[in-house]
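Dropping the structures in below, format is structure tokens.
You will see two complexes here that share chain A, one where it goes with chain B and one where it goes with chain C.
== the complex of A and B ==
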């Protein structure tokens, strides 16, 4: 790819590109906070009061967990629609196994994680080995788990001991423990993406699977790992919800709408739905935007149905503002070093003359071969 | 593809060709449908009764119509998640605006169609011009529309349209010889399907497929991408509107009518062998996917499977069906890819999705080598 002979993008473009994904999300977040603060102030409340910040951070934590996992999956150009059911069943498994006894906490947590790994493995294997589109595969596994939930649970079940409930209930100053854990997971996830081999391979596989394979990457592994990590973070969200509710609930995941909202948060955070570009911190920013918008609406006592309207508009508007800047030039991922000046991939999208040759049925591989020759 | 069989010279080859189509991922949905229908009939012989069958078709009609609409969006390379909310909104609009006054039916029906087209237009324009992924646009539309509908009704079931309007969904031509009653929904389904097949074969319909297959190539060959893309969303919203009209009669007015239709429709379309990501698929197969899905539910009912397991079985079936299609594509490609793939894939595969009847054998879908990159979103 690096041998492409097309002219480099103009310096002006380069310069604008430096305004990278996470930064734009950060600016959007600040904008939302400012508007929110003004709106909240207009009804005579203080947006920056400790209680309110605590509410926002609490609202971030559950969706944050799910969205971190979803980021991995979307980076690999897949999707995970099974998360709400994983969340629900995790909360139930945890609450049932704990049964009010603190001694059972480790076992319950391990069992939940094991369950999540199994679901994630199943998703990952179906997507990578059976070649089922991620949307369909995870819709299917989600439905299977839903069938199990509906059949075996009629309502809330189990009991979470108070020791475990503290995780959801306590905090350091205005910052809840759950949010701290979520941010810690985000740090680990960001490190994983940036510094490990599999993490880097996720970008490669998501960007262009054929090219990744021709470059000698085992394309299945990053995909499977991403799905496993996604299920695990969803399970963490389930544990957190169990700790907050004190019981397990079969509907807690679907009520939260975590599948679509997490995808929306990830895309809001600047991750391309087509995979290959994005960041964990962008996702956290997206989640924060959601949390702030939700919080402002609850403070202003907006009708719950209107909340959905606003949410929908915010999602589309925010992503529109964002994509207006980014879509034109998509591929370059490792911008700083010249090692992988991946702009060749962008050419196939019509940026340069290379895209013109791509015939109707020309595959990505052929395209890349053309470019190399 | 019936053309595949009709043009072949001998009966034996015809049969072989037919069998091949049935086994191919593109025809598999018909095979699945036949198997399911036979299984239902075995469990419950009265199902084969013409009047029962026509009732079954009536029940499937809304889902099938939504699936047909979704087909155009998906084959054009996008998603429409807002269909379920459009159905809900239309049902509630019909319930509230028509009331018990027959004279309102026609104006309100026209308003509903305009409203549906408007929703599709908004979706399409945002996708085309603001470059927001359709998944996100229609997700936002889904939330916003459902929220607005519930806000309007206060979250409760309200309104009850005039009976004459509800007849569209529940009534029909009575006192026919064999089938006893020919429900209007069946007639509408047939009309919609016929129009859809006709439309898909028109240059415009083929442009949609070309756009879904390779947007860059479509743009270079002079397609007005934005209008083609927008029109697919208009089509899907209109089809959701028609489904809503049928559902008003069939299921009544309730804000939960239509919920989950978007996923059902996508499932049906994918069952029909249409590839998510666009560029490949047949609209009749998409409708057949809806029938197969509903037949599956009927079968589970008759088989006495607890209704709570319906979802689980549905999930398993979708995965298996798509996995079957995907692995078959892959296996075939392996067979010939090394020597002929580049020529075959650049040469034969064009905006024309349907093979020339004179060249019956290869399924155009199998000539593409980039199955695996088409998937992401």
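== the complex of A and C ==
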């Protein structure tokens, strides 16, 4: 929480104001780094060596792109499961069109972005206009792309010219170019969420669609934009992978498990899976935690099974922590000993889903009308 | 707004109001739902700086009237003139932008967003194409200052605010569109006493600015404190409109009620006897209620009245083990119990009919039989077959109109759904039945059926605790009435207490022991 110039909240209020989610992620990240550094040191290696830092940052960039896009979608209370296939097909389109010729790079990049926009539009329109749940809608579009990949590609294809491979291979000091680009995209994404109407409205649509609509927001627009942005960042991830591999691959997206890992990173970053609350920087923190954990385990040569076990524990533990924070919806009026809560005795809203707002006021007739309408 | 025209003051005399040009005129509004007329030829006139009280019993059509003005419902007939122009709104936002804003009873706020973001939701100010957050915060703070509000930070997330503060955010939202008319539907329904004062101050500020306010409230004291003019509705029709100074509480109540309320509440069945105490609460409390003493005897129906948020639901949730009591003592049939889960409560012979039927009472896409057997199957599995055999008889005795036990409950009417909920709990042979708003959203026929069932259960020696927001129901059915206020029982009143007494206890102006503070 930043300091405010306004009258300081009452002490009771300040006690209620919980830690900001992205702050928790930051603390968790530092914790993971400290533990990781100790573990790595215990096997006689240096966690903070330039090489190791570069490995971690490289590990962050691809998932970072995908997770940034996924954050938009999840903020809107939707999901995107089509990202791994968008990643794969993007890498193939890029490598095929470039065909080893640097002159083709711009056209290839444009083609990849156009493809991503089309997929994103399809996802967004299906979710907002046909009112299909995001999980199912993107599972469907993902399967369609998968079908195309399976029938048209038997293995890697195309050739990426060295000029484009450069992006994935170099860096400034220990910081890879790809990570710098990813962080730049994160800056733009965070700015977009905070400072554009559509970005603001994503929180509203995800938080409570009814409230958004009653406030005069056209609820389809933020949802469609979020899905388009998600596909575009997945395409950027595809371009980066093509640059690293030098070829396009039909399986690079699914092998990376970017659908579920990106969702996990977003949730790990404190964004509510049910939408309405979250941040890009939380997500980047989530991605970083995964990258550090992976790095530590590979340096320590942990066996692959244990790796996944640790990943699984991290995800579940994170969500459990967040859930504990949001479970209590009503604010108690009395403390355990029976004293009145000093903060004014108000009862928080939400007596129960959909109900509880009628006082002595609402009438049965009026209520039944509401229910029927 | 015109700067050189003198603004009407709160002390404006009726004659001065008469002279001001009306800002809103509604005439001959009619509305019916599914052939049932809920509003018949109702109209009123609002002038700048006027606080206009709209009162009436439950079902009188107040909310429908407001919702037509706000553009939530379309009117069947009549005209609405705002600032001299005839208008027809199709959406609350449309109405708000034209200067007619509504503060609904249900809050339309996003808890995770800040006060400023909520106030400007959907019309965020922009500078150079980007949302101007500083301007948003500045304007919000200016509006708060204008209302004389301190301590609400425009940057605070709404979830950290109290209900009263959230109410203020709603009002600021209405103000931010520069509304000339603000409708408030039960603005104090969820507020504590000291918070009501704040609302008074805000209403008076608005009045000084020349805003016309249509004020709906059940609290007659508020109506007389604040309103210049009072319009009374009854059964969807206009009873009277006139200066508040020409009315007193008795006359107002007479105009609102105007008919005997006992008509459709059945009397206790012959042979009903009040027996041993079934449920005793001695100073119990959880996070939401405190110091509750209650004795509920076999054959008794005790009503629980109170405003929304007063802790009524939390009281029965405590008894049922949903939000267990952490203090005090609870006895069932004379034996002390610590109820820590609903399962334990069901086993002990307690039933809870929840207030939100669709979310908490029924599995909507399951059949009548599945719903009716739900508790039996999960708690008394061995009795499932026997109960299933009796089910058709139970359902027909409750007069459930369904195509059969296999029909999904979502296709039943509200009244029939409620009967299925009742059937579900009757199957457990409860000895203590807790009813939370048992007749909410159901038709009159089904209501009477619920009342008769309550009388029948009482005769069989069941102890019944009934929460209701409808005072006629509380008065018509209860042997005693507990009134809740701010998480405590503010009064225990005898049967047939009048509405005014209950209301004053519910709003905290009448304290335990009956010392009248009005």
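The rule we apply is simple: the second predicted complex is superposed on the first by the 305 of 373 C-alpha atoms of A that agree within 3 Å, B and C clash if a C-alpha of one lies under 4 Å from a C-alpha of the other, contacts with A are read in each partner's own complex, and residues count from 1 in each chain.
Everything below uses one rule, namely that a residue touches a chain if its C-beta (ideal position, glycine included) is under 8 Å from a C-beta of that chain, and two chains touch if they have at least 3 such contacts.
All figures in this text were calculated on a predicted structure; none of them were measured in a lab.
In the superposed pair of complexes, A:172 makes contact with neither chain B nor chain C.
Once the two complexes are overlaid on the shared chain, A:103 sits clear of chain B and of chain C alike. Of the two partner chains placed by superposition, only chain C is touched by A:203; chain B is not.
With both structures placed on the common chain, the touch criterion links A:216 to chain C but leaves chain B unconnected. When both complexes are overlaid on chain A, the residue A:151 reaches chain B alone and has no touch with chain C.
Judged by the document's definition of touching, chain A residues 208, 210, 348-349, 355-356, 358-366 lie at the interface with chain B and also at the interface with chain C. Within the complex, the chain A residues that touch chain C are 4, 6-7, 9-10, 13, 16-17, 194-197, 199-201, 203-204, 207-208, 210-212, 214-217, 272, 276-277, 330, 332-338, 340, 343-349, 351-373. By the touch criterion stated above, chain C contacts chain A in their complex at residues 33-34, 38, 57-60, 63-64, 91-93, 97, 105-113, 117, 121-124, 126, 129-131, 133, 141, 150-151, 153-156, 159-160, 162-166, 185-186, 189-192, 194-195, 216-218, 285-291, 305, 307-309, 311, 313-314, 326-327, 354-356, 358-360, 414, 437, 439-443, 447, 469-471, 486-487, 503, 506.
Of all the residues in chain A, the ones that touch chain B in their complex are 77-79, 126, 130-137, 139-148, 150-151, 206, 208-210, 260, 263-264, 267, 273-275, 303, 305-316, 319-320, 323-324, 327, 348-350, 355-356, 358-366.
Against chain A, the residues of chain B that register as touching in their complex are 81, 126, 130-133, 135-137, 139-148, 150-151, 155, 210, 213-214, 216-220, 263, 266-267, 270, 276-277, 306, 308-316, 318-319, 322-323, 326-327, 329-330, 342, 345-351, 367-373, 375-377.
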